[in-house]
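The two complexes that follow have subunit A in common; it is paired with subunit B in the first and with subunit C in the second.
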Partner chain A sequence: MNNPKDNINSTQMIVFILSSQIGVGILTLPAKLAEKAGHDGWLSVIISTSICSIIITIMILLLKRYRDKSIIQINNILYGKYLGTFFNLYFIFYFIITTAVIFRSLVDIIQITALNFTPALLLSFVIIIPSTYLCIYGLQPICRYSMLIYLVITVTLLFFLLVANNFKITFLMPLGESGLFKIINSVKSSVISFIGFELVSVIYPYISDKEKILKKSLIANFITGLFYTSIVLATTALFGENILKRLVYPLFSLSRTYNAPIFERLDLFYVALWFPAMIGSTKMYLYASNLAIRDLFKLQPKKIYIFLNVILIILLSRIPTNFFDVNKYSNFLSIMSISIMLFIVFSYFFSFINKRGVNKH
Partner chain B sequence: MKRRISLILTLIITATTFTGCWDNKYFEDIGFILTSAVEYKDNNLVITFVLPSIDSQNNSSDEVEILTINDSKMSRDSREKSRLVSQKLTESGKIQQFLMSEEFAEKGIGNFFQLFERDLSNSTQAYLVVVEGSPNGLINYLYTLPSKPRVSFYINQIINNNIMECYIPETRIFNVGICKFSEGIDFILPTVKQDKNGLIVTGSALFSNNSMVGKIDTIETSLLLGMMNKLKTSQYISSQIKDDTYPNQPNHGIAIKIKKCKSKIDIDFKDDIPIVTINLKIDSILDENSSNIPMDKNYQKTIQDHISKEIKNECIKILNYTKDVNSDPIGIGNLIRANYNEYWKKVTWKETYKKISFNVNVNVNINNFGLFK
Partner chain C sequence: MDIIKDTEIVSDIDLNIKNIDYAFIDCPDIIKNSLYLKDNTKVYYMYVDNLIDTEILYRNFFSSIILLEHKDFANNSYPVYYSDKMKNINSIVTAVLNGNVVFIVNGFEYALSLPITKFDKREIREPDVEKNLRGSHEGFIEPLSVNKSILRRKIKNSNLKFKTCKVGTITNQEISIVYINGIANNDLLNKLYNKISAVNFDGIIGSGYIQQIISDFKYSFFPLYQATERPDIAVAALMEGQFVIIVDGTPVVLIAPVSFSAFFQAVDDYNTHWILGSFTRMTRYFGAFLAIYLSPIYIAMASFHYYMVPLDLLIPFAESRARVPFPPIMEALIMEAIIEFLRESAIRLPSYIGITVGVTGGIILGQATVQAGIVSNIFLIFVGVTALASYVAPSHDMGIAIKFIRIIFMLFSSFFGIIGIVFCSTFLLAHLVTIESLGQPYFQPFSPFKFNDLKDSVIRAPFKYLKKRPSIAKPLKINRGKNNE
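Showing the complex of A and B:
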C-alpha cells in the first residue's frame, strides 16, 4: 500500500525539480565554463536550458504514454523482463553513484568552508541523518523541506544586486569571442548541472495532477536556467574569465566581495545558507534510488533497505581520495547522466515500435 | 512513548558527542588581527600585527597588542610565528586594513595576498594601503599618540572618510586579485604617511604589472576617479579668475562641491594608434569664491569655463603621467579588448599604451551657489 505522504502535486514537483537541479554543480559551473568557453559561458547555459527542455518534454510524453507508471516499470514493459531489469539496474546504479558523488562534493565543501578538521566520515554520517529521516517519511515532507531553495535563490539574486556596482560589462565582451565550437563543447559541462529533472520519471506515479506536469516541469527547468545564467553572468562580470578559471567555488568568492554594514562578513551566513540547498539534491537522489530499489525488488520493510542504501552511499562517497579524484568521478557521472537522457529519448521513440502497455487514450 | 525516549536519547547523544568537537573555537581565545603591515628590512619581510588586547595588565579598554614578526617567508608563516609570541590565537577574519611599505609595493606584491582569497576564514574586504615610510614605524608612532583612538580604528576611519570624499580609491584585497588577473587594467592603492597630527592621506599609488610605479596626490586621485567613473562626491578648488578688488586678501580661489560626475570614453584610431577621448560632465555647487564680482549668468559661465579648462589640463597631466609610468588605471586596454578585440590581439598593450593620445573634454555645470550671489 502506498504511503499517502508520498503523493505530491505538480506545484510541489517544481520544488522537487529545482531542489534536485540546484545543488553542488552550480557552485563549480562558472569556473568550468570559464575554462572551456571563456566569458561566453552564459551562452552555453542558455543552450543547455533549451536542450534540457526538449529532453524534459520527451520524457513527460514518454511517461504519459504509460499511465501511472514510473520509468522502472516502463522499462520492464518496454524492454521485457531481462533487458528491462538490466536497464533498471543501470538506473539504480546511476542514482546511487550520483548520490555518492554529490554527497562527497557536499562533504568536501563543508570541510573546505566550515569544518576543516572534523573527520569526513563522521561528518558524512551526521549530514545524512536528516535526509534519511525525510526519505523514510515520504516525498511530501521532502518537498516541503525543499521549499528552502526559494530562499537560496532569492538571497543569491539579492547578493548580485548588492555587488552589482563592481560588475564590469567589458568582462563579458566581445560576445562570442571563444567561438561556436568552444561554446558547443562547453554545453556538456553545463548540461550536467541541470541533472535532476530525470528523477521525475521515477516519482511520476506519485504526482496527482498529471495534466500539468509538462508545463510545470518546463517552468522549473526555466527557473533553473535563468538562475544559472544569472550566476554565470554575475561571476564573469565581477571576476573576469581569467581569475574565474582559478576559483573553486566562484559563487562563494562573489559573496566575499560584499562588505555588509554591522555584519561585515555576510559571506559566512551565505555559505551556511547553501548547505541545506546542497543537501537537497543529495536527498532527492537518495529518495529516487530508494524508490527505484523498492519498485524493482519489491522490498519490505523500507527502513532496512534505506539504511543499507545510506551506508553504501557513504562508503562509496569516501572512495575518491582528493579533489581531482572527485572531478574524475564527476566526469564519469556526466557520461552516465547523458546516457540516461539519451536512453529516455530512445525509449520514447521505441515505445512507438513496441506498443505493449501503451495507454491508448 | 518508546519513540519519544529514543528521539530524546538520539538528540542528547548527538549534541554531546558530535557538536563542534574538532572545529570549535572559543571567542575568548582568538586574537582578531585588525591591522596588518608588511615591509622589507635588510631584504627580509617584517610583518606587524595589531590586535585588541582586552585583558591587558593595566585593564585599560584602549589597549592593543602590536606584534612585529621578523624574517617571515610568506603571509601564513607570519601568522604562525605570531602565534608563538601572542597569548591569543591570531586570526585574520576581521582584518580591516593591510599596510605595505613603498619598497614592498615597488618590488611587486606578487601572490602575497593569495592566502586571503584561498582561505574562507580570512577576509578579502580589508583595504590595501601603501605607506610612505615604515608601516611598522607608523603603527608604533600612532600607538604613542594619546589623543587618538585605537590604532586600527583610527586608520580605518581616516581611510573610510577619504574614500567617501573620493580623495583615495576604495581598493580591497579582492579588487587587487581581480585586477591582477584582468587584461588591460591596473589597480591603484591609497597612500598615507606619518604626520605630526598622526596620519595623513597623501593620494594614490599607481601600479603596473602588480608593482608600484608612481604616485599622484589626492586632488589628482579625485580627477582620476572621475575619469574612471568612480567619483561620487568630492571638492575641487581651482585658481582664482583675475580680480583686483581685494589684492591683499588671504584666500584666492574658487571651491566647488562636485555632486555628480559622469565619464564617457570614446576610442578612435589614427595610424593604428588609439585616440582616447574622455568626456567629463560634472554637476557642482559653488562653495566659495574669493572674488567680489556678483554672480550673474555671464559670470557663472566664466567660472564654469575657467574650472572646466583647469580640470581638463589637470586630467591631461594625470593621463600623460600614467603613460609615462605605463599604468592603465582607467582600463583603456580593457575597453579596447572588449570593443576592438582584433586590434587588441595584434598589439602588446603595455607598449601601445605609451603611444596613445588622450583628449579630455570637461563640462562643469554649477547648479547653484548657495545663499549668496
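Showing the complex of A and C:
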C-alpha cells in the first residue's frame, strides 16, 4: 500500500485495461462466434463493446461514490462485515480461477504450437516467472511492460494488410443473415473476451488522476472493441464461416496463410510476439488477486504471498486433464464473470439504498 | 589516520617536531628539515617528495622566508600568501599529504602552509576505449583537479557547480558531483549526494566501485550509470541536467541518471548530419538485436524448429549440420568460449602479440573447427556476425551485458526452442522496465512512453527538433538556449 511504485496515472490505466482484455480470449473468439452467429460475429462484438461500455460506466460511477476505495473495501461497507466478506471471497475466488484458466490456456497454446513434448508442469513454472517478477515490483512496472500491447495491435493490423488481397467481402454478405436472435445469443461468448476491465475496481485507489478514469477506461474499451471487430472481420473475410468454425486459433491460422519470401514461416515470429501479450493478461489477474487478498485480510505487501498465490494458480491450472475440460472450466468462468458484472451493477443501485460511507460532494 | 593521536601544536618547536616525526614514522618520502630566519628563529618545514613543485619551493618559499623575522609572523605580514593557521597535528598531516609545504615557526602555536602541488600526471589524450571521429580528442585523466579544470574550460559559466564529499575510509579520496545549477534537479542532487556520502568502503579504486555500491538494483547487470572517459559526453550530459560523478584517481566518470538508449549514442551522431547520425544509431540497435538473437535462433532452429529454416537454405544447412556430432548448444558454447578467450587475451597482451593472437584464433581456429567437424559452417557465420555485433554498442558495459544475455538466451533456447527465446525476451523486457537509474525509469522513452525523448533515442532528429531537454533527469529548465520559461 505504501509502495510508491504502485501509483499509476490514467494513461497507464488504458494500457492496464487493454493488456488485461487482450490476451487468450481473442484467439478462440472468431471460431466460437462463427459457430454461433455465422458470418455476423462482428456485429456481436460491436454489441458487446457497447454493453461493456455501459458496465464500465456504472462501475466507475460506483467507485466514484466511495472515494479512494477498492471494490473489496466497498463491499465491506455496503453489505456489512459478514455478507461483504463473503462477496469478497467470491471476488478473490473469481480472480484466482480466471488467472488459472488464462494461464492454462496459455500453456496449452504453447504446447500445441511449439513444444509438444515438454512436461506441462515444468513449462508452467518457467512461464510464470516474468509475471511473478513484475507483480513483486508493483503496478508501475506492470503497466510499463504492458506497453507491448500497442506493438501487438500494430503488428496484427499490419498482418491484415499483408493478407488483405485474399479477403473476400462476399463471405461477410448478406449482412445480418443469421438473424437477431442468434447474434444476441452469441453476445455471451464475445462479452467474455472483454473481461479484464473489472480489475479497475481493485486498482482504483492507486490511480492518481481520478477525474479522467471514466473517459480513459471507455477509450480503452473502445480500442479493444475496434481491435476485436477487425480481427473477427478479417478472419471471417479470409476463411469464411464454414472453415472458421473448425479452426482452433483462427488468428494464428490467418498468419500462416501468408508466405513471406525467404523467411517462409513468418507466422512463427508473429505467434512468438503474442506470447508476451498473453503472459500480460495472466499477470494482471495475478496482481489483482494478490491485491484483493491483501485488501481483504489487511496484509502487508510481502513477496511470500505472491509466491504462494503463484503456486496455487499453477496447481489449479493443472486440474483440467484435457482441452475439453479446459473449455468446461472456461464456460464456468464465463458464468462467473457475468455474475461479477451483474453484481457490480447491482452494487451501484444498492449504494443508493444503503448510503453508508458514500462520498458526499 | 586514527593511529596518530590528535595533538595540539605548542609553542615549543622541539616538542612539535617530535610529534610530527612520530606521525610520519616510516614515511621516507616525506622530506623534513629545519631552517633559520634572519633573527635565528627556528623553522621546521616538511613536504612530500615529488608531490610539489621544487622550483617554486626554492624560488618562492626559501628565498622569501629567510628574509622574514619572528615579528613578521607575529604581525601576520608575509610577502606570499600562506594558508589558514593549522592548530593540530592531524591537519598538518592532511595538508602535507595533499601536496602543501607545511612549516611551523618556533614560538607560535600554529602551522602554515604553501600550496605548491605539482605531481607527474598523464598527458590529456583521447581515451583508447572510446574513440570518435569528429569530436574533441581529449580524455579525462586521473587527478580530480585536472578533470575539474577540463570541465570548467568547456563550460565557462559560474553555474557549473562541484559538490564535493570524501569517500574511502583509508584512501580519503575526494568525489565531486558536477551539475549545472538551474538545470539540474535538486531532489535528484540530494538523493545522489546522500547515496555517495553513505558509501562506507575503505577505498574507491575505480568509479565502477561507486557505480555498484550506490546502485538501487544490485542484481541487475545492466549499467545503471554511464561510465565515460570523454569530457564532451560529460558536458553534453550536464547540459541535459544530468549529474557527473568524478572520483579522484580514475579517469572514468559516471553519468546519472541515464536511460537504456544512452548506451547506444555516440558523440559522432550529433556531429554528422542527422540522417547519417540516425542511420549509425539504428545500425547499433540492429547490431545489439542481432548480437542477442542470432545465435539463440540458430540453436532453436537446429534443435527444434527445422521447419523455420527457409527451404532454399535447408539443404546447405542440413549438410553442414550433418558433420557435427555435438548438439547445437555445445557447438555454440564452444565458439563463444573461443571468442571470449580471444577477447580476454587480446585485452591484456601488448598490441604486437595481440595481432598474433587474432590471427591464430580467427583464421586457424575458425577454419580448423569447421574442417574437424566440431562446428558447422553456417554457424561460424552466425558467430562471426554476432561477435562483431556485440562490439557495436559504444559502451563496454553494455557490450558485456549483451553478451551475457546472449548466453542465457542460448541456454533457454536449447531447452525450450523458440519459446525459450520468447520467455527470455519477456523476462528481459520485464527486467528493463523495472530497473531504474537514480529513481528514473531505465527503459524510457520507450516505456514509459515519452514522445519528446524519442526524437533522440533510436533516431537522432535534427537540432531544430531537439530544443527541449530530455526528461530523464527532470531538468528545471525544459528548453535549451534562450527564452527559457
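By definition in this document, the second predicted complex is superposed on the first by the 358 of 361 C-alpha atoms of A that agree within 3 Å, B and C clash if a C-alpha of one lies under 4 Å from a C-alpha of the other, contacts with A are read in each partner's own complex, and residues count from 1 in each chain.
One rule holds in what follows: contacts are C-beta pairs under 8 Å (C-beta built on N, C-alpha and C of every residue); 3 or more make two chains touch, one makes a residue touch a chain.
Note that the structure is predicted; figures quoted are calculated from it, not measured.
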* A:Y329 contacts which: subunit B (first), subunit C (second), both, neither? -> neither
By the touch definition at the top of the document, which applies to A:A272: first (subunit B), second (subunit C), both, or neither? second
Which partner does A:T170 contact after superposing on A: first (subunit B), second (subunit C), both, neither? first
Counting residues of subunit A touched by each of subunit B and subunit C, the higher count belongs to B
- request: Scan A:I110 for contacts with subunit B and subunit C and give back first, second, both or neither.
  value: second
Checklist entry - Of the two partner chains, subunit B (first) and subunit C (second), which one does A:F16 touch, if any: first, second, both, or neither? => result neither
Which of subunit B and subunit C A:T118 touches, first, second, both or neither = both
Taking the superposition on A as described, I'd like to know which of subunit B and subunit C A:P141 touches: first, second, both or neither.
second
Where does A:Y287 make contact in the superposed view: on subunit B (first), on subunit C (second), on both, or on neither?
neither
Query raised in the report: When the two structures are overlaid on chain A, which partner does A:V126 contact: first (subunit B), second (subunit C), both, or neither?
Result: both
So the subunit A residues that subunit B and subunit C both touch are 114-115, 118, 126, 129, 264-265, 268
Interface with subunit A, subunit C side, in the complex: residues 304-305, 307-308, 310-312, 416-419, 421-423, 425-427, 429-431, 433-434, 441, 443, 446-449
The subunit A residues in contact with subunit B across the complex are 112-119, 122, 126, 129, 166, 168-171, 173-174, 177, 238-240, 242-243, 246, 252-253, 256-257, 259, 264-265, 267-268, 271
In the complex, subunit B touches subunit A at residues 14, 18, 21-23, 93-94, 117, 120, 123-125, 172, 174-175, 177-178, 180-183, 331, 334-335, 337-339, 341
Contacts from subunit A onto subunit C in the complex sit at residues 12, 110, 114-115, 118, 123, 126-127, 129-130, 133-134, 137, 141, 144-145, 147-148, 262-265, 268, 272, 275-276, 279
